[in-house]
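A, B, C and D label the chains in the order they appear, each numbered from 1.
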Amino acid sequence: MSLAVQPIDDSETINPEAVRRDFPIFSGSTQPRRFHYLDHAATTPKPSAVINSISDCYAQCYAPIHRGLYPMAEQATSNYEHARRTLQHFIGAASPDELVFTRSATEAINMVASGWLKPRLERGDVVWVSRMEHHSNYLPWQLVCQEQQAQLRFIELTEDGQLDLDGTPELFAERTKFIAITHVSNVLGTENPVATLCTTAREYGIPVLVDAAQSVSHIELDVAEMCCDFLAFSAHKMFGPTGIGLLYGRQERLAEMAPLQVGGGMVDSVGDGMEESRWAAIPARFEAGSPDMPGAVGFAAAADYLSSLGHERVHRHIVSLTRLAAQRLMRIDGIRLLPHAGLPASGIVSFTHHNMHPHDMAQIAGEAGVAIRAGHHCAQPLLRRLGLTATARASFSVYNDESDIDALIDAIISAQRVFCE
Amino acid sequence: MSLAVQPIDDSETINPEAVRRDFPIFSGSTQPRRFHYLDHAATTPKPSAVINSISDCYAQCYAPIHRGLYPMAEQATSNYEHARRTLQHFIGAASPDELVFTRSATEAINMVASGWLKPRLERGDVVWVSRMEHHSNYLPWQLVCQEQQAQLRFIELTEDGQLDLDGTPELFAERTKFIAITHVSNVLGTENPVATLCTTAREYGIPVLVDAAQSVSHIELDVAEMCCDFLAFSAHKMFGPTGIGLLYGRQERLAEMAPLQVGGGMVDSVGDGMEESRWAAIPARFEAGSPDMPGAVGFAAAADYLSSLGHERVHRHIVSLTRLAAQRLMRIDGIRLLPHAGLPASGIVSFTHHNMHPHDMAQIAGEAGVAIRAGHHCAQPLLRRLGLTATARASFSVYNDESDIDALIDAIISAQRVFCE
Amino acid sequence: MIAQDLYKETLLEHYRHPKNRCDGPIQDADAVERGANPRCGDEIEIGIFLQDENIRHVQFRGRGCAICIASASMLTEAVAGLSVAGTRILCEQMHDWFGDIEPAAGALLPNGLQALAAVRQHPARQKCVLLSWEALADAIDKAGRE
Amino acid sequence: MIAQDLYKETLLEHYRHPKNRCDGPIQDADAVERGANPRCGDEIEIGIFLQDENIRHVQFRGRGCAICIASASMLTEAVAGLSVAGTRILCEQMHDWFGDIEPAAGALLPNGLQALAAVRQHPARQKCVLLSWEALADAIDKAGRE
């Protein structure tokens, strides 16, 4: 159960305009006209609460962590550990020791692939990922499979972009040693049934890592309920700072994991030459080097901010906006939505145009003040399967409203005028 | 040659009081009395220029790096790459492609140990480190030696805390595959003759990594002159933000290095299942995951700030202050300085007291507003050789002055009153 | 009105009606080389037809964004009739201009390629311009070797 | 004047004149166990002398900071005469108080240990207090096993 901050405003719906005012980037003079930011799946702007929490660390209470004996060092350490506990409650973890601060979701996943899985993976074993993984939740598993001569296999997708679990009868077979799966796809927006999958996997004794990079900003996470062994996400996609992320690992699993990096702060005793060194307790063992205290504090401030908005309300707002965007895009001649059936279930809508390259659409949109993304979205295996090399993608957040959709539609229509005349 | 910013003030000496005003932490109301921060070897406070550069990124120009096609994404990318070029000039590197943004010095060293050395290290090979390494420039080499059944050996120290190169005739022997050495010791303050060592090593074809974590804040670095293959440091010890560091690698060496982490942004083409993936060009190959643009921009702002103070002047100020501190400490009954001969050559002075534990000295000092460090300073192999388990350490920076030394001496004397009555 | 910056009329004209584009495989060329940008999935094939030491004719085939297609189309016009040596130099110059190595040299672009100059302001799109030029350089090398 | 917080006079008294400290090896104890904090190099050896189900006497040996030495010295006084079972519970309580697991319980500290309470405000020093208590718990376990 999460001890998340209560929403400050208990009305049913979000007031996008009010929330927008929390984000200084939208009031800056740098934008010539209103800035329609629709690239939240890549990274999110930051509210003042987060920006200020970081500046305050540097300006008011900055010192080394876990080492100094003077008051400011004790305070800095306590702020760092307080941030860990805030995030513990944010994801419903049993203990703060189950949370490791990492540089990013990417680093968190690499740590598990090489520190937990690699020493356990044998020739002929199988690791499963879904067809819709981001490269960050794909390449680490591919690499470890190559190194150990194991096999990496796909859970393929159905026509409407869902996991084809029925078509994957060997998922829980004996040789399966690990499953890594995204909670929400960064291209299709699909929300995967991770709790069901993890629960079944646990019955078979197969550990699962859930990539929550795309879900954490609008779905309340509860690792106990989800029943996952590992969970990873980055602060920067949930209104937090760059350069910091989180690895959650069940205590038992973390205890089995070898550190990816070694150095100061993660060791109890260091042997001379080839004499053995003894690692520190968990989670310090996995945090080699000077901790990023201001990053952690900003990360926790972002979690508090999100909790104060209320996950439920945020989710409802984003989904209904994205559906509206999808419906209006569909009506434009030549536009095709992905997946080819069903309406968006989260904040992401991907599309192509039969006559315009996604890069050209994104460029024209960008010049009109609408920030959308074009490319493979670090999901080449998915795009290859869809027979595409790039899509355009709009991804929504809590302060977006219909005017952003209007601007998007206008931009696509003017792109059509430029390219399809 | 470095294209560093010119000092703003061309007088010969630093005005500590003026510089101090650049650092908001010293004007805060959080300190009951004047705050005598003497723990710069652990981490440094930040000037407003750095704090503001980070807030400005978040508040004014924040977007994903290397991917977006809209104007703010292009600007954010250009700011990130501009930061890389600032640091390139700061260390005199031949090309920006020789600079990899990492989380820290620790990560940079781990990357080289496991990505460059490990695939080349064979049973019976030898890796050398000095006796005075920080755990972060020790454990990665110890681990890779254990994994490859190679040997990790020490360059021992002379009585006065210098590298005993005469006593290490096998340093450049045939089985030597790598040397990792700190530029300045974080315990003794010794400055090692890295340029001489690297130049000789290159004649023997032995790559050298220089750990510049302790030198970068007061010695002008020039990797061409230094002739090193790799160089590592963290931003947070040179007035920059936490959570970001730098790996410099000669282009030829980086080209040979395998990535420590894989994921989004570091790959050109990704194969299905076991089909091969192709890494991106250097340095992107080593920067998996969303880059920490505000961190990089703050890092560059710190480099510019340091350059504007002028390395020469900073160095002179710090060394003369540290010498004065050493002379005054020496006069206190029961205090012993490390090393046992010679005066400090940089900003660090370590000491013990025959009747007080370093922790107790540091605690009393801390309560008197003097922040010093006590412990093994992540240098257990050194302390073991010195027959110690902990020292007290004071480390100075550019805004410190005699009043900080007075406060330190007073604190030690009152500690004596408490413990040695 | 918008997009004036990047998508000049000349560029769009080349995109809408590319010159020397093949729908099927390029046939009877002295050398054919392919360039691909895995990051956006663009692919361009360049075929060169030589006459003594000169480029008589160039054809291309492939798919890509407007800038990629326009650059390939312009390329076929810009180098037709040039000497092989001159073409090689032009390839290098394109690389330096758009790779941001010789920023000042943009003004020296041949007339037929001026419409591409605006792309230099958009680093993320430079590879779109260069794809066909890199394939051309490879094709020249290949022809030289055979 | 300063250091009132942490270094109470009682604590300093124990540090300057530790009770039941051996300079050489602890001899004839029912069990001796050692605790070490590699992070600061402190080392404490605890030897217990039993009488039936009670702790008759405890000795310690080692080096450490003032808090570490004072805690060990206070320990020897606090548990002398206690039952083994009661000592076990006290060890657990110390662990919970100083490991920040039961913050509220600090007030329940036996009188002789009150001078340590201030250390709870300094998480970095908690291990200094606990070192001897952990060694004591180990020694009790060891004696029980033999």
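In this text, a contact is a pair of C-beta atoms (placed from the backbone, for glycine too) under 8 Å apart; a residue touches a chain by one contact, two chains touch by 3 or more.
It should be emphasised that the depicted structure is a prediction, and the values quoted were computed from it without experimental measurement.
The chains that touch chain A as well as chain C are B. The chain with its Cα centroid farthest from the Cα centroid of chain A is D.
Work out the mean CA point of chain C and of chain D, and you get 79 Å between them. Each chain gets one centre point, the mean of its Cα atoms, and the points for chain A and chain B are 31 Å apart.
Annotation: 39 Å between the Cα-based centres of chain B and chain D.
Averaging C-alpha coordinates per chain places the centre of chain A 46 Å away from that of chain D. Shared contact sites, meaning residues of chain A that touch two or more other chains, fall at 67-69, 73, 269, 359, 363, 367, 374-375, 380. Residue positions of chain C with contacts to 2 or more other chains are 38-39, 122, 125.
Under the contact rule defined at the top, the touching pairs of chains are A-B, A-C, A-D, B-C, B-D. Considering their complex, residues 66-69, 73-74, 77-78, 268-269, 278 of chain A touch chain D.
Across the interface of their complex, chain B is touched by residues 1-3, 5-7, 12, 15-16, 38-42, 64-68, 122, 125, 128 of chain D.
Against chain B, the residues of chain A that register as touching in their complex are 24-25, 28, 30, 35, 39, 42-43, 45-46, 48, 50-51, 54-55, 58-64, 67-73, 103-107, 109-110, 134-140, 142-143, 145-146, 151-154, 234, 236, 241-245, 260-265, 267, 269-274, 277, 288-295, 359, 362-363, 365-367, 370-375, 378, 380-381, 384. Only residues 357-360, 363-364, 367-368, 374-376, 380, 383, 388-390, 414-415, 418-419, 421 of chain A touch chain C when the two sit together in their complex. Those residues of chain D that touch chain A in the complex are listed here as 38-39, 122-125.
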